[in-house]
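Below is the structure I would like to discuss, written out as structure tokens.
Which chain is which? They are A, B and C, in the order written, and residues in each are numbered from 1.
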Amino acid sequence: MGIDPARASDTPFLRIEGVSKNFGTFPAVKDVSFDVAKGEIFSLLGGSGCGKTTLLRMLAGFEDPSEGRIFLDGRDMAGVPPWERPLHMMFQSYAIFPHMTVAANVAYGLKHEKTMTKSDRAARVAEMLDLVQLTQFAHRKPHQISGGQRQRVALARALARQPKLLLLDEPLAALDKKLREHTQFELMSIQQRTGVTFIVVTHDQEEAMTLSDRIAVMDKGEIKQIGSPTEIYEFPTSRFVAGFIGSVNSFEATVAAREAPYLRLDVPALGGQFMARDLPSAHVGQKVSLAIRPEKLHLSKTRPDGVNTAQGHVKDLAYFGKDSLYRIALAGALVQAHAVNARRGDEGARVADWDDAVWVSFDPSAAIVLVD
Amino acid sequence: MNRRPTFLMTALCFGFAFLYVPILSMMVYSFNGSRLATVWGGFSVKWYVSLLSNEKVIDALILSLKIAFISASVATILGTMAGIALVRFGKFRGRTLFSGLVTAPLIMPEVITGISLLIFFILMGHLIGWPSSRGFTTITLAHITFSMVFVTTIVSARMQQADRAIEEAAIDLGSRPWQVLFDITLPVISPAIWSGWLLAFTISLDDVVITTFTTGPGSTTLPLLIWSKVKLGVTPDINALATLMVVTVGAGVIAAGIIMNRAEKRRLQDERLAFRSNG
Amino acid sequence: MQNRRLQRWFDSKGWIAVLIGTPYLWLVALFLLPFLIVLAISVATNTPTAPPFSFGGEYPWVNWGAYARIASDDLYLRAFLTSILNAFMAMIFCLLIGYPMALGLTRVPKGWRNILLMLVILPFWTSFLLRVYAWMGLMGKNSWFNGILTDLWNVLVPAAWALKSIPMMYSNFAVIVVIVYCYLPFMILPLYASLERLDTTLNEAAMDLGSRPFQVFWTITLPQSIPGIVAGGMLVFIPAAGELVIPTLVGDAAQPMIGKIIQDEFAQARDWPMAAAVAVALLVLMVIPTMIYTRYQARAEGAK
């Protein structure tokens, strides 16, 4: 559910404990708990309405939890108003103050640092502008710079006070593809240089996968799974998470036997018995799902060796240049397979064409068993 | 629409003629040499000359300006507070009454507002001794009351469009909400606040009915002076005064228009520059 | 320690109370309270004291006499009727003149639009009183304007009906004309704002499907602009009904409007209860138009 055992040891940097938020009778966030380590990039990933933004706002202090507590660096944040919390937020719309210059924007929070002198503040502003490479735009007004530059102002402004935690609300959402890739790397590099802990809220799985050290997948106010990108992608613990990240083929199955380290399953849709990675909690006779990702399916014209094979024909084919997506009709189901076009292609070099008969196979360790 | 709609254009022309012929006629006749305001007796500026040396007119003008300045300033402060409160704080106790109070003076006939204020001042005078006599103070109080709602309308309309995220960002960065009001909210909506001030100033400068009711001996504002003269009929010196006022206000409106136009052009230029220099 | 707690309260809640409370208190004290007093006085008795009213008799000290007189006396009923009729006629003419102007403004090329809008607003910024005065100049017996109209009249009608000048002043007609003149911007601006927001691609779709320009106007533009029309109309009707300045200067003394009645009862007859009752009656009459206004104003803006 929530707490990642590997990290729950010593005092975590950020601890969310049993936090819920109800708007009237509507439960936006349901009993969420997790820890974040210092210096991590942690993402909250989910579709709209899953509660991730509400959680972020509770962290920032704009909403109060209906239940539960939030500890930042050991300190309980209950009753602490947003302007006193040692964390800052980079808003989705950037929220740059339109009537102030770039430098004034970045300097805004610093006036609350009682121990800094005027020259200290000026030096910090210069340092921040240098960090985001906006030094020569210091005297411009927001309407005189581009969207991407405005985002960097928002970042510099939020980091100026050297907060313990930086909250990022959909940081890459408003950027076009090219800028997105560039900004991704910039964010990671800035995070490394400053060592600030990042919490990112996003609906974009690519964003989450590339940026994060760990991801929490959320749905309808609950956390479905927390793990590193690899863990989430390769070892999802629920059908929801498996389907949310990337694509997945899943079929109803019954556990026939345990043949460590695999499980033998009856899969009617595929027309036979198949082997998949063992799920320790599963017992013989249990109704489960067999899940396998499209890129892990192997296609061939002739029957391959191996224990997991099925025969069908190509129903649909989408050619993307560097790869192709196949829809293959098997005994009782349609299956998606993804193949890289590794060979120089002309019609003859493709594995299979429309309506061709084709064999689908996969390695037992590439398939997993899911119980919900 | 690429077809020239002649009916509409003709209507526009007639409309503008309707709006401006009376004013232009009045301006022309202000240079009328003869005393009979409606019969032309040769070109003359003598009415302007007599105006400028007419003490009563000068005094009335100064009084009007003083009242307008004070009332506009206070009305702007109160009206801005109300405008922000209405938009930023959704439900609070007594909100319906509040929004009612803020809309009512806009459409209520001035006679009613005037008479209720006069009765109020008289009764207060009897009960607690203040105001002992009506004049500058009572007029100003009355003007503030009914012009503040105009400011509220302008400010609340502007606040509807204002970005809430920048206020939250400022709070997030360490400022208390009331500090954010002064640092961020007010500067960002300041054009609306200035428009409100200008509107309140004009309304106060121009008001007749409410001022008639709330004035006292010795406090004759310019509109009241004109009112008493005009009840007797059309005279050329009023024409001259009117022309001066129209020209002054006209110059002001045109100047404001030019300034806003230029600011808008510069802003578009800046944005275009920014778009090209992307990053 | 107390100070810290006070500070905290102010930071989170206190400042809101100040922000809402200050204008609220002002309006309650100087707007609501005086109005409630008027309401109370309307059921008092007129006495030759200073102030000229008192709550005599026994409990509940309420004297409905003033309202009874309004309902029965011809003077008041006629004054209400005159006011409503004049205001209504003025509203109609404002609409007939203002709507084409507003619509025309939306068709004018962008460059001209700001200038023309400014020209529409300009008279509004000049003195209201002086605008009434300007019409007095035009409508007088000896004015050039009257002269032209008289000549036109004399040319068009048989000799037996010839006039020396057209009697325009001191009549309901003059009142209506001047109300239209002074309140026209109140009709044009909201109408323009609402027409400007309309989606012109709808017009193009209609024309593409075969409608002629007038049909497009009648079936597409006009229905969509109804909230703006009603809002603008009420914005003219409600204050016009209570007008005092215009009827005093150019109206017929024998057909007073209600604003004049209120002032006369108050200042001349020193009958405060009567003045108060007429004022309240006027307000009650305006309740329905006000509700119509608020409903359509919201709709005109919601149509964004």
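Note that a residue touches a chain if its C-beta (ideal position, glycine included) is under 8 Å from a C-beta of that chain, and two chains touch if they have at least 3 such contacts.
Since the structure is predicted, the reported quantities are computational estimates derived from the model, not experimental observations.
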Per-chain C-alpha mean nearest global C-alpha mean belongs to chain B
More Cb-Cb contact pairs, comparing B-C against A-B, go to B-C
Rounded to the nearest Å, the gap separating the Cα centres of chain A and chain C is 60
Dist(centroid_CA(chain B), centroid_CA(chain C)) in Å evaluates to 17
Here the gap between chain A and chain B, centre to centre from mean Cα coordinates and rounded to Å, is 56
Chain B residues touching 2+ other chains are 176
Note: chain C residues in touch with at least two other chains are 11-12
Multi-partner residues in chain A (2 or more other chains touched) are 81, 83
In the complex, chain B touches chain A at residues 163, 165-166, 168-176, 183-184, 187-188, 267, 270-271, 273-275, 277-279
The residues of chain A that touch chain B in their complex are 60-62, 81-84, 88-89, 91-93, 95-99, 108-109, 111-112, 141, 143-149, 154, 157-158, 161
Within their complex, chain B touches chain C through residues 1, 3, 5, 7-9, 11-12, 14-16, 18-23, 25-26, 29, 36-40, 78-79, 81-82, 84-85, 89, 92, 94, 98, 101-105, 107-113, 115-120, 122-123, 126, 141-142, 144-146, 148, 152, 176-178, 181, 202, 205-206, 208-209, 223, 226-227, 230-231, 233-234, 238-239, 242, 245-246, 249-250, 252-254, 257, 261
Seen from chain C, its contact residues with chain B in the complex are 10-12, 15-16, 19-20, 22-24, 26-28, 30-35, 37-38, 41, 50-51, 97-98, 100-101, 103-105, 107-108, 114-116, 118-123, 125-138, 140-145, 181, 184, 200, 203, 213, 234-235, 238-239, 241-245, 248-249, 259, 262-263, 266, 272, 275-276, 279, 282-283, 286, 290, 293-294
